[in-house]
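In what follows, a single structure is set out as structure tokens and then discussed.
Lettered A, B, C, D, E and F in written order, each chain numbered from 1.
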Amino acid sequence: MAKGIGQHEVGEQVDLYFLIKSSTRGIASNGKPFLTVILQDKTGDIEAKLWDVSPEDEETYAAEKIVKVAGEVMNYRGRNQLKVRNIRPAQPQDGVRVSDFLEVAPLSREEMVEYITQSIFEMKNSNIQRLTRHLLNKYQSEFLEYPAATKNHHEFVSGLAYHVVSMLKLAKTFADLYPSLNRDLLYSGVILHDLGKVFELSGPVSTTYTVEGNLLGHISIMVNEIGKTAEELGIEGEEVMLLQHMVLSHHGKEEWGSPKKPLIKEAEMLHLIDNVDAKMNMLDRALDKTKPGEFTERIFALDNRSFYKPTVE
Amino acid sequence: MAKGIGQHEVGEQVDLYFLIKSSTRGIASNGKPFLTVILQDKTGDIEAKLWDVSPEDEETYAAEKIVKVAGEVMNYRGRNQLKVRNIRPAQPQDGVRVSDFLEVAPLSREEMVEYITQSIFEMKNSNIQRLTRHLLNKYQSEFLEYPAATKNHHEFVSGLAYHVVSMLKLAKTFADLYPSLNRDLLYSGVILHDLGKVFELSGPVSTTYTVEGNLLGHISIMVNEIGKTAEELGIEGEEVMLLQHMVLSHHGKEEWGSPKKPLIKEAEMLHLIDNVDAKMNMLDRALDKTKPGEFTERIFALDNRSFYKPTVE
Amino acid sequence: MAKGIGQHEVGEQVDLYFLIKSSTRGIASNGKPFLTVILQDKTGDIEAKLWDVSPEDEETYAAEKIVKVAGEVMNYRGRNQLKVRNIRPAQPQDGVRVSDFLEVAPLSREEMVEYITQSIFEMKNSNIQRLTRHLLNKYQSEFLEYPAATKNHHEFVSGLAYHVVSMLKLAKTFADLYPSLNRDLLYSGVILHDLGKVFELSGPVSTTYTVEGNLLGHISIMVNEIGKTAEELGIEGEEVMLLQHMVLSHHGKEEWGSPKKPLIKEAEMLHLIDNVDAKMNMLDRALDKTKPGEFTERIFALDNRSFYKPTVE
Amino acid sequence: MAKGIGQHEVGEQVDLYFLIKSSTRGIASNGKPFLTVILQDKTGDIEAKLWDVSPEDEETYAAEKIVKVAGEVMNYRGRNQLKVRNIRPAQPQDGVRVSDFLEVAPLSREEMVEYITQSIFEMKNSNIQRLTRHLLNKYQSEFLEYPAATKNHHEFVSGLAYHVVSMLKLAKTFADLYPSLNRDLLYSGVILHDLGKVFELSGPVSTTYTVEGNLLGHISIMVNEIGKTAEELGIEGEEVMLLQHMVLSHHGKEEWGSPKKPLIKEAEMLHLIDNVDAKMNMLDRALDKTKPGEFTERIFALDNRSFYKPTVE
Amino acid sequence: MAKGIGQHEVGEQVDLYFLIKSSTRGIASNGKPFLTVILQDKTGDIEAKLWDVSPEDEETYAAEKIVKVAGEVMNYRGRNQLKVRNIRPAQPQDGVRVSDFLEVAPLSREEMVEYITQSIFEMKNSNIQRLTRHLLNKYQSEFLEYPAATKNHHEFVSGLAYHVVSMLKLAKTFADLYPSLNRDLLYSGVILHDLGKVFELSGPVSTTYTVEGNLLGHISIMVNEIGKTAEELGIEGEEVMLLQHMVLSHHGKEEWGSPKKPLIKEAEMLHLIDNVDAKMNMLDRALDKTKPGEFTERIFALDNRSFYKPTVE
Amino acid sequence: MAKGIGQHEVGEQVDLYFLIKSSTRGIASNGKPFLTVILQDKTGDIEAKLWDVSPEDEETYAAEKIVKVAGEVMNYRGRNQLKVRNIRPAQPQDGVRVSDFLEVAPLSREEMVEYITQSIFEMKNSNIQRLTRHLLNKYQSEFLEYPAATKNHHEFVSGLAYHVVSMLKLAKTFADLYPSLNRDLLYSGVILHDLGKVFELSGPVSTTYTVEGNLLGHISIMVNEIGKTAEELGIEGEEVMLLQHMVLSHHGKEEWGSPKKPLIKEAEMLHLIDNVDAKMNMLDRALDKTKPGEFTERIFALDNRSFYKPTVE
């Protein structure tokens, strides 16, 4: 496979197709309009400036368009920037599609669906099993397509499902090591905890927050969905409240957006698993861009730390 | 009316009926069991010790029983204590009932219902009006009976309804002073914001938290109720989300149990009104027990402050 | 009335008089000096760049000058900017004055004076009444002219007096609802609480902090004024200390600049009223610039929140 | 096996051998000395009072003595207390030893040594392997005997080794799931992270902090040990610094006693694993004492939460 | 000199005169009243219980009375307690006075006055000099008698003056080492910073807070005094504001009761000196009671730390 | 001596030699590369832009090169900037050396060595004396050359030694005033506390953090050095642990990077002295650049305060 933008270093020449992730108009100090565009492919993204743009240019180089760009990778204030020598919109005959430029989860949808389905199949408590299966089926297509966040971790196509699958693997291990954990509650909590993101986020491309996401949040939305679904299915045991509590408390603390702290062991474990998987994902993404013996850029969501990549194998 | 326990000072003789609020068994340093009982009437409560009790005594002087007690008010480590000279269970012929000993709101249920009903009647937005009326009707009997909290403020019979009525009066004033406020949203938010307490709390006497209250909390419970009720009534506009947001955010901050901060003006105002009314209620209760020129006892929910009661009229 | 700058949208042509609020010299990337000016009229303000300026231009287009500008409203990095096509200093024959460009309180000085005077007239405690009247009379002209702050809320001509009038209205309502409040103390606290701002701030135009304001602050300055005035008037009761305490504690907490937390009920209420009125003022100003269905810009003084403007009437 | 003290409920008669965990002299309100003793066996502990004690009694019933006690389990202020009917020191012919009363890890020392040895054997980096093996051998006897803490979690004989074995199992799983983790660093970090506790704590019985533990702490002590050992063994690569960093940062944050936050991925993972294992251990111990449908006592080290034990299987 | 209570260890017999520092009535578990008295002499204090007291006893053994007590030092819950064998009120012929039992500063009033007067004499700025001298003269008798606090540090007769003298010595040293410091401002700040305590505290014996102390605090009171005194003396330069600022900011932070942080160098230095002297005083008092090789009791005002007393000379 | 850059004001012409402190490449809005260079001499530093640079220019004007520059001091966004009219690299015949441009401590190395040596000579405890002398000798050359920090305070050549000498002077004074302080411990703590910076920092010019500095920090490094040195010298008393504790705790709190808070009096004093000397150094540097009657720029390390420089002598 040809090198993508993520594999080019400062000083190298580039001649590649890109998806425009965002495009913002500015006015240069000479009074003329210019565009700041973020160009992305599957391997990463880079900023570029288009100077002296016409109103037509602004339409041609808008977000979600595909373009072919030749230029050179420069370093500007510590961040890479693409100095554009030539740019043109992609043509039908170029044979490129939006999906060619989007990062996707490293597992196929089929693999993920199968893994999750199997986990539900293993459940012994039929109330938990029915609730989980029903909710997953209801939102399955969005669930398989949405990212898990707008930034920080799992912010790629199918990131939500991939995050759930990774967490399920952790959940199985923890349930083996700590046999007092209720496996059904834990699996169900993992599967449902972020499902409200299909309401909270706008979708898999150029992801933003919806109004409902801002005002209610994925946690409250999902707690409501569980309540309504239980009523529809005529399920009434303590399980409904326990699952609602797990979703409610999975951020771990009030100041992190959970109106209740975890108060059952499986809720505490759900929070810990969510935390571990998000952190490892963030760290891997930052360290992939770093050479041994050097430090990553600061990672805001990890206390703004800059991590060291050892030279030792 | 005869003086209640709240009006007796240290050194005075007492001969009164009381409701036992709680009764806890201990073992004295001589190895014999004793009971620590909290005796209450409408004017306040006081601790007393019953020494050398038999197993029968423990049953006779259990919580929620009515007793007649003669004794003297003492001061022990800065708090009043009743030194019991004589105690006996109340008899049918004494003609006293549990309700004689419970503090109640200073307005009658009828007055409160009428005031709230009128406020709903004044609403112009029919979605908000229908939702509010439906939910209030559904839980009206508990709403009129429950306290607003287990302690700190409005912890008396009908405290919840009385808190809502006081807040509605404030809401009307604020809506007059700040005409940009949406009156319907604000009134509805006031009426519904604590209605989930009828699930969260155990009832009007010896109030504790239910399991559901501990695990989900009145905020999440009420947000669900609004969602389900809107669905039942076929209401679909933005109003549903706005009311859910108001209930969700009325504690003002994540660390105070609201998963979202207020993000509409009426939600901010609801939080402020709730805060003011709770604080004034706490302050009045503490200052009522304090003489001019002295300080109240420390009030935990007000940053543990001890307030001064001026001598100036 | 003709449209002001606050009513123009991106893309529209503008031909208006402005007051220059501030003017800062910079050096463009071509090495030539330019000016960044903030242009204001009663409806708002906007940034503009003047390129390649001469030393004379720097004097002509300095702060507090009036200019006539033709140009187009652009958007630069999410904020509006005026692209200047033509600019010239205003001439005497243009007939425009500085006061034409300053936002003022929505009530006239006469109305405000009358309302406050009436509140003082209603006081029953003559010590409080005399102290309040004396201090208000002493600083009346500045009081009626100053803003209540340099930014965030009531930052307009007569903002201080307008803030006091709004708060007095709230105080009256609260005193009606909570009859245990001492009305005289509360009214006097409202009138005096921010009067020290006439020392702390530089004046009504291009408001900044004075050295005294930075080193002592309006709270300590006013507490001293009350003490000195009481001595001059021969007033000696507890009222002096209570009023000093109210001014001292009106920010509510040590970390907000009050060396003592409120320790009398009226002080707590003063803090609450101040808080409500400031927040409502901030919110109204931000929401006025926002369309229904959208979010305001982030408001730093409100926990950096971005508020939603509902589409529901 | 006969029921231990942990399995007796309030009201039951008890006739058991105990180890005295601590014994404190007091003066009763009648002026006579008494002892408060904590009696423990493998299943838990309970407080008891010995009234009117002689100086000889104080010696007979001192900490670390074994006694035979008959009495009844009572509840005093919400905690269980043993009302002593009869007490006598154990005699040689009773055939009981201190070790009969100490809780021990659920794995034998041999099993734990074997598991850890195998993990060291699997290491590929010989510097890490030699350092780890050398340090473990040097302190092996204390390592196998000490608890992991004085309270909160793994506070039993061999708790330190058992904590390490549990964490190694988690480490293997995480290394499988996140293949970018350096397995050798992670295993070594797990084995060494708390080894400094053999200096910090006084030993396996009646564990307290040593002066060195108070003034330097197990983290700094162990970082020194790694440095000195590397010098002795002539090891000089980056591995030494990385292992020192992992030990240094395993508390995760400065305010939790780590002078550096984790700055390599394996250090972050070490902190997370340590956290999970400690929490699960605490939770299991608290929930074991709680009935389904009820809440545990408050757990200080878990934000003072009280956890719910579900009724659902 | 005979050994005082501070020099007796647990188990020793005591036969000493004491001043009763406080006396509180309680009711024993046998229903009879008893007194908890704190007995003090110059070397320390100790708690004792007087059982079965009559109303006359309560008067005889009230606060500020002198008594002769024989008994034994016991340890109760980790704190020393005096087990009273015999107690009687002091008689005129015993020849003991209240001042015999009060701890006093280690310097005489004359020495302290001389040192401070000399420091004022050295000042070069006549405004600062006159203000400082005038205020000190005005409150000199209280200044020489009051403690610096009710507890924690310098809580003895003349503690306020002694604290000022110690700080002046530090100020001189710092002014020598950092010549950019304005010596006059610094000396004056040291002398005046706590002078408001003569209003805030009730006096040198059984010190409590006055109402004015609670509502205004020594900082605001002193800032007012400086302002009024400057007016009386006709002093108008920047010095007045600078001295007010130094007093205002000497607690260093808003949350510690200073409405402004230090904003001139001398104010920052004043805060640092105050801090150092208070801490050293607290530490010396705690370490005096501790044996080498042991830890002090926890010191609340020093982050609740328990300090180690080294065995090394 | 000729005026340095620190003594030039806005608008003045400059013709001076400079050391380039750093040089960063950017791309101007016309697409051409430019350099942002920081030019320093002993009196301060200033930013300048070099437009349209060639690849050769980038090498000529790199960090650590010496240049001659003519130009004018401008003000850009509130900070000074040098508008370059002419620039050329220094030639051998110019006779300028790197050391001519570096700020150095105000005392010579010989004076500092002598002062410190004398302090060690005065010690009475031979263990402390030998340890201190040995460690200082071992790292003397770096100790005399390194700065004490990369920024904020003592960030100049020999800053580390100068900071130690200043602190020793304070230590002597405090030991005189508070005779209970152990002088040997305190002196040794002062001399050793920051010696680990010779590992943590890269050196005296263009100082950055080493990898070891980032991962272990100067505190842990030095604690190890003390341990190893004591072993080499065969020193075994409590002194070793006490000195390690003093170094360990000298940042005062866990959140400031000390894994233990100070737990001996000398450690508390070391922290206070370190704090005072760093703050005075920061303040003097900021106030030197400020005119009387004005405020300094904000000082981040002093709570972001802006200090006032009085007009009073």
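Following the convention adopted for this analysis, a contact is a pair of C-beta atoms (placed from the backbone, for glycine too) under 8 Å apart; a residue touches a chain by one contact, two chains touch by 3 or more.
Small disclaimer: the values here were computed from a predicted structure and weren't measured.
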Label of the chain whose CA centroid is most distant from the centroid of chain C: D
Centroid spacing, where centroids are CA-atom means, of chain B and chain F in whole angstrom: 60
Where chain B and chain D are represented by their mean Cα positions, the distance between them in whole Å: 44
Per-residue overlap in chain A, given as positions that touch at least 2 other chains: 29-30, 211, 214-215, 242, 263-264, 295, 308
Touching pairs among all chains present in the structure: A-B, A-C, A-D, A-F, B-C, B-D, B-E, C-E, C-F, D-E, D-F, E-F
Contacting residues of chain B [partner chain A, same complex]: 211-212, 214-217, 219-220, 223-224, 227-228, 231, 241-242, 244-245, 248, 254-260, 263-264
In the complex with chain B, residue positions of chain D that touch it: 28-30, 34, 49, 51, 74-77, 81, 83, 293, 295, 308
Touching residues (chain side chain F, partner chain A) in the complex: 24-27, 29-31, 211, 214-215
Chain E-touching residues of chain F, taken from the complex the two chains share: 125, 166, 169-170, 173-174, 177-178, 180, 182, 185, 237-239, 242, 253, 261-265, 268-269, 272, 275-276, 279-280, 283-284, 287, 295, 302-303, 305-313
